[in-house]
């Protein structure tokens, strides 16, 4: 018995998985480190966000739903910071 | 599951106290820091010696091992501590040598005036207590994983002592030692995992009842033995030992050579004689015996070729460790001669511990007095430093195995066991090792006794010479050990207690 | 093939790989990495022992798992000590090597 | 029919491939990076073995903190460039080692398949004891660590102190008492500062949460302490905090707090509960949480000090 919420979950998680896939293709196909990082960070942020969104209706309690959101926020934060740091390391390396 | 019968025997609580005393010493050394480290070590070692004697008293009085289940929880879920005859004797030996090392090191590792705390002093005193604590756990531990943690404490305490003076040479020696020791620990731990997977317990006495000769048990035993051999520096995995022991400060060398390698050897004994007495171990015992024989010959020959006194003594440790492993073929099974082999092995452990500690102490005094430890330049040194050389000569006597000494008793008993058991082949390395040892001891004494002028940079303290001499006196006195002493060593020994 | 058997085989492979690297790599930091690899293989063996011991309503035997936690912390402490030694050795000397021959100076008998 | 077995096989292959890469990589730094990735993958394996406590520890200590340690070391060694490429061992030696390693791995694999069935287990004993001495701890691993095998746990905390002493002792005499070198030499960098400011409060909260729930759910002092340690390290990397001088009493107290409290309560157990390291059943849970709180502090202090290395003469400049 598939409810509307299930459909929503399937759609959101599938969309998230697509973004991950696109990000991975980008990682493999883009020519240099900066563009690869761009593909990875952007796609992963959106992809993980969609997966988390899809899982929220399936969470057991409000607290676990909140945890999902916190996880996404933490990944956003770390992805943003690490891409900055790696980018700077790259720029210094080129000079 | 409250306290069942048998969770603690009279005097069992002493085992916990004996372990907690040096641990408390470490904590008190570290937290206020500074000179407290030295004070804590010097105060706790005599107390520890008294505790070890009390434990021996209880073991001897009851005539059976004393046991303490920590937290009142008996194995398999809890951890038990057990002290039998050999534990009690080793506890006393360890306490005596650590106490001697502590008082010997007072001048070299005193915190200099005017500063609150110095690197080498704080490190030395904390690590000395840590070595001692680890050894106590190794001697009384009854649980294989608990013993793993103790082995790691021993590693973490021994390695930084090697490079305490910070020269590149000693750092490299310490790093090699660390890598060998880590390999040893992880290999041991893998064996522990397999033992647990096969029998659901790590308690030594429970395992002894449950083990059977299955491939899992053989693999576990092989892995643990390989790890322990790397830590004991048995030939051919001995290469880390000479640079590490020869470059450490004398007080540390004495403890490393006299005691630390005996810790992992003790666990090898525990493994084969206490966990696996039910297994047919003839072939393994023969392999260990061959490796030991090779160590005796190789170690002695390389010792003969050393130019530096401390390196010579360190290679002699490699050789003397070889003798220890002859105990496996000579004490196997439940024959009349097994008990002789067993006594011989333990006597060798004790005699070497005291003699070698004294020799390293003396070599340290010598190096400080002369400013070098080149054997070729020792001419006339014996006349200038008679007491120091008396210790070296008497220690050497025990290493060679000349009567009367502990070393003589050990080697004599080994010969007896090898002939009584019909394994006369083992008497060859024993005799060859003695001849070679006579050679390298002569190499030290001959130039020192010859004529020559030496200039002393520093006259060694009389108290330091007396500490070394006292330890050699014990090594000699072991040669007069009465039969009751050997009976005491048999307390709790499974082969003696049960059927073959 | 159950996950625990699979993990056990992975553990055995890791022990072999680690042993190979530990013996063969000349650089001490590479040796340390190999040691850690070997260590994690050993911990996996504990892990499958724990998983197989599922009983009495537990999905695992807690005792080996607790041992792994202790083991991981100890292995980390060992790595830290080794790294400190390697870095100091590289400061003190122009060569980071464990080759005993490199340190044998036959005529330096001076006690320091 | 489920996908899970295939995922398991894929994960296993991935772990082995990354491990081979770590060993086979030509370059030191590549190998270090491979090892860090390997540590994170291993956490998934632990989840599949129903070992969330171990997975948390592996991710935090095995992958995380060890990763920082090794990457820092690899970078410093790489910068010094004095790691002369040594003569590679000869082919015969390589082959021999390979055969030896393969033999060990093969024997071990075979023996693992031979482990007895039904497997022995202490789970029933632990379940039975959980009503008594385990005393109300919902997480059996915490019960093992803090009650049945508390002696091991206390000794392991002593190992951490000794490791700190060992790491410090590798420094120079002149530097003794000073602070370890800062985590990053250059000036603070804005994104790092931003990360530390955002992450540290959340991380500390999560760390304390993991410690607190550890009595009943996966987690505990180890995992919580490792997280707190990581947050302190992030703060130090952003230069929002500097490594403390090693002779400060506050640091020393924090380092010994865990084992010291453990030791005192263990001694008191003889008087209060009749046996060393026993707890009175009614009070077991609060006492265990009390000890764990101090252990949390000690771990959070010890791990960053181990990564920071010995005191440095340049730290004060």
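The chains carry the letters A, B, C and D, assigned in the order they are written, with residues numbered from 1 in each.
Keep this in mind: contacts are C-beta pairs under 8 Å (C-beta built on N, C-alpha and C of every residue); 3 or more make two chains touch, one makes a residue touch a chain.
Just so it is clear, the structure is predicted and the values come from calculations on it, not from any experiment.
Enquirer: In how few steps can one go from subunit A to subunit B if every step must land on a touching chain?
Expert: 2
Enquirer: Looking at A-D and B-C, which pair shares more C-beta contacts?
Expert: Most C-beta pairs in contact, of the two: B-C.
Enquirer: When you take the mean of every protein CA atom shown, which chain's own CA mean is nearest to it?
Expert: Most central by this criterion: C.
Enquirer: Based on the averaged CA atom positions, which chain is farthest from subunit A?
Expert: B
Enquirer: Where the centres are mean C-alpha positions, what is the separation of subunit A from subunit D, in Å?
Expert: 28
Enquirer: On a C-alpha centroid basis, what's the spacing between subunit B and subunit C, in Å?
Expert: Subunit B and subunit C have C-alpha centres separated by 25 Å.
Enquirer: Just curious, how far off is subunit D from subunit B if you go by their C-alpha centres, in Å?
Expert: Computed from C-alpha means, the inter-chain centre distance equals 31 Å.
Enquirer: When the centre of a chain is set as the mean of its C-alpha atoms, what distance in Å lies between subunit C and subunit D?
Expert: Computed value for the inter-centroid distance: 13 Å.
Enquirer: Counting only residues that touch at least 2 other chains, which ones in subunit D make the list?
Expert: 108, 112, 115, 119-122, 126, 128, 148-149, 152, 156, 159, 162-163, 166, 170-171
Enquirer: By the touch rule stated above, which residues of subunit C touch at least two different other chains?
Expert: Residues 15, 32, 45, 48-49, 52-53, 63, 67, 70, 74-75, 77-78, 81, 85-86, 88, 97 of subunit C each touch two or more of the other chains.
Enquirer: For subunit A, give me the residues that contact two or more of the other chains.
Expert: Subunit A, residues with two or more chain partners: not present.
Enquirer: If two chains touch, include that pair; go through all of them.
Expert: According to the stated criterion, the contacting chain pairs are A-D, B-C, B-D, C-D.
Enquirer: Which stretch or stretches of subunit D touch subunit B in the complex?
Expert: Answer in residue numbers: 107-108, 110-112, 114-116, 119-122, 125-126, 128-129, 132-133, 147-152, 155-156, 158-159, 161-163, 165-166, 168-173, 176-177, 247, 249, 252-253, 255-256, 259-260, 263, 266-267, 269-270, 273-279.
Enquirer: For a test of understanding, state which residues of subunit C touch subunit B in their complex under the given definition.
Expert: Within the complex, subunit C contacts subunit B at residues 15, 22, 28, 31-32, 35, 38-39, 42, 45-46, 48-49, 52-53, 63-64, 67, 70-71, 74-75, 77-78, 81-82, 85-86, 88-89, 92-93, 97-98, 100, 102-103, 106-107, 109-112.
Enquirer: Which part of subunit C faces subunit D closely enough to touch in the complex?
Expert: Residue positions touching the partner: 1, 3-21, 23-27, 29-30, 32-34, 36-37, 40, 43-45, 47-63, 65-70, 72-81, 83-88, 90-91, 94-97, 99.
Enquirer: What does subunit A use to touch subunit D in their complex?
Expert: Contact set of subunit A toward subunit D: 70, 74, 77-78, 80-81, 84-85, 88.
Enquirer: Taking the complex as given, what residues does subunit D use to touch subunit C?
Expert: 5, 8-9, 12, 15-16, 19-20, 22-23, 28, 31-32, 35, 38-39, 42, 45-46, 48-51, 53-54, 57-58, 61-62, 65-66, 69-70, 73-74, 76-77, 80, 82-84, 86-89, 93-94, 97-98, 100-102, 104-106, 108-109, 112-113, 115, 119-124, 126-128, 140-141, 143-145, 148-149, 152-153, 156, 159-160, 162-163, 166-167, 170-171, 222, 299, 303, 306-307, 309-310
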